[in-house]
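Below you'll find a set of structures to go through.
Common to both upcoming complexes is chain A, partnered first by chain B, then by chain C.
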Partner chain A sequence: MNTIRLAVPDKATRGEIIEIKAMIQHEMESGHRPDEYGRPIPRFIIKHFECRYNDRVVFRAEFFPAIAANPFLSFFTRATESGTLEFRWIDQDGGVATELVELEVD
Partner chain B sequence: MPLSWLSWKLTSLTRLAGVRRAGCLILTLLASLTQAEDILSFSANPDLDASMVRSGYRFLTPETRSLQDDDFANPGYLWVDQGRQQFHDSGCNACHQEGALTGAATRYPQLDPELGLINLEARINQCVEDRLERPALKYESHALLSLSAYITNLSKGRPYQIIVTGAAEPHFTAGREYFFSRRGQLNLACNQCHDDNWGRMLRGDKISQGHPNAYPGYRLEWQTLGSLHRRIQDCDTGIRARPFPPGSTEYTQLELYLAWRARQLGLESPGVRR
Partner chain C sequence: MSVSRRTLLKTSAIAMGHWLAPLPAFATREDANAAIIATFGDRPLQEGRVSVQIPAISENGYSVPMTVEVDSPMTEADHVVRISIFAEENPIPNVAHFELRPETGIARVQTRIRLAASQRVRAVAEMSDGSLWTSYTFSIVTLAACVL
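And then the complex of A and B:
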């Protein structure tokens, strides 16, 4: 399982703009590198990331082979109501890594 | 005695000794050449002056520094987090309470009565094999790197506390000898870059003093976290010498010398490097 690091405030006031940071451990193997014997290392990358806030997508990103290993994203959203943030990464083979975070808004 | 030979000897000597104003030294040498041999063998081992010791961090670009300083964005913390998790999942915490290993990393490499000179990775594996009765973790494996990154990070900011005298002394001497021995097709020794030329550029890199305190560390070139021994392999490969395997006695002895040489510095793991 890939390690995930998330930075989300536990609490926010309604209407506040909050910063969210998300990082996942992943080799993001570009498919363009040779191994130590000169054979190409097969491509293995994350293709897609999204963040849902109470099931509504608030941020989405497509990934490409030139993105460095262990991709790190930071983005902003508006705190509207208490609920769940769902983070989801999908790799090229359909493998999924997810994590949930509760956010309290008052 | 041909004068050209003498002056070559003097320049190479002053270069080795790192002496900038070598006037009086040269006079002494002219007085006695046999004595010059003594000074040569002595000054070929001038350990880095303690007042000059600077972490590799000081040689980084501001961008790489701020990546290391950011406890969230520093990718090395992915391994620290994972190591903490593994510490619980594999039952290390049955015997070691949370945080009880704080400071432990500063005491390695150390002499073990049965195993000889061992580093932190070898100590972890001793617990894995003897106390958890599981097969040893492979050096440079994800699992071992995560555990060593987690345990080393518990000592962040603390200086080394290693012992280099007594029974450890032969290991220390061997490590120091490695540091000052020329090797590889380029016929270079570690000290020629890391004592004599730190601060200068080598291709895209600013040469640092070659300290071990950032490791296990995240190298952007590796795109992953790696051990100190992997970093040393890169230097040995760079001078076209055959590297020793990670975890080898040679590199562990070298690690002991490097830790002593860096003894004033605080541990930085997980450092971020180019």
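And then the complex of A and C:
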């Protein structure tokens, strides 16, 4: 399992715009590198990222090989109600990693 | 240490093989423009409203911090729908697409990218009214991610 690191506030006031930072451990093998014998190392990257807030998509990203290893993202969203933030990374072969975070809004 | 003729030939063949291995072809500004058209269609691009922040000198091309920011009120009526990043001289000009919503609130996204050479990094932002805005920033890369 790839290590996931999230920075999300536990609490927010209603209407507050919060910053979310999300990182996943992944080599993001570009497919452009040769191995020690000059053979190309096959590409293996995370292709999609999605953040859902109470099941509503609030942010999406699509990655190409030019995203650095251990892809990091910082983005914003407005805290509207208490609930769950779901983070989902999908690699090029459809492999999925997810993590949930509870957000309390008052 | 004595090196046999056979070993020498074998190792040099491997070394040559590595040297002759096809290096990824670098994209050009035209390829980047083609990638922009493939993403957004052939629509007019206006300069402004979007900014790409990368260091003027990137010491390590394998991991360059990048912030893209769009001047937008982020309301239901007027917000950023999508931001795409293009590195004009990477083997593949596409870097990332980001989809935003009115509730994103602040149109600013940060990530870390790979740069294969000193080059221009361009952002294109699509607004909810369908207009496209662009700008670029040049970065000198001292350690290029040349086989990134």
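By our rule, the second predicted complex is superposed on the first by the 106 of 106 C-alpha atoms of A that agree within 3 Å, B and C clash if a C-alpha of one lies under 4 Å from a C-alpha of the other, contacts with A are read in each partner's own complex, and residues count from 1 in each chain.
Following the convention adopted for this analysis, contacts are C-beta pairs under 8 Å (C-beta built on N, C-alpha and C of every residue); 3 or more make two chains touch, one makes a residue touch a chain.
Please read these numbers as outputs of a predicted model, since none were measured by experiment.
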item: First, second, both or neither for A:Val105, with chain B first and chain C second; value: neither
item: Partner chain(s) touched by A:Phe72 [first = chain B, second = chain C, both, neither]; value: both
item: Which of chain B and chain C A:Glu27 touches, first, second, both or neither; value: first
item: A:Thr3 touches, of chain B and chain C: first, second, both or neither?; value: first
item: Between chain B and chain C, more extensive residue contact with chain A; value: C
item: Which of chain B and chain C A:Phe63 touches, first, second, both or neither; value: second
item: Interface residues of chain A shared between complexes with chain B and chain C; value: 68-69, 72
item: Touching residues on chain A, where the partner in the complex is chain C; value: 17, 30, 32-34, 36-40, 53, 57-69, 71-78, 80
item: Residue numbers on chain B that touch chain A, as the complex places them; value: 72-73, 75, 77-79, 81-82, 85, 220, 223-224
item: Complex contacts: residues of chain C adjacent to chain A; value: 14, 17-21, 24, 62-64, 87, 90-92, 94-101, 103-106, 108-115, 147-148
item: Chain B contact footprint on chain A (complex, rising order); value: 3, 5, 7, 21, 23, 25, 27-28, 68-70, 72
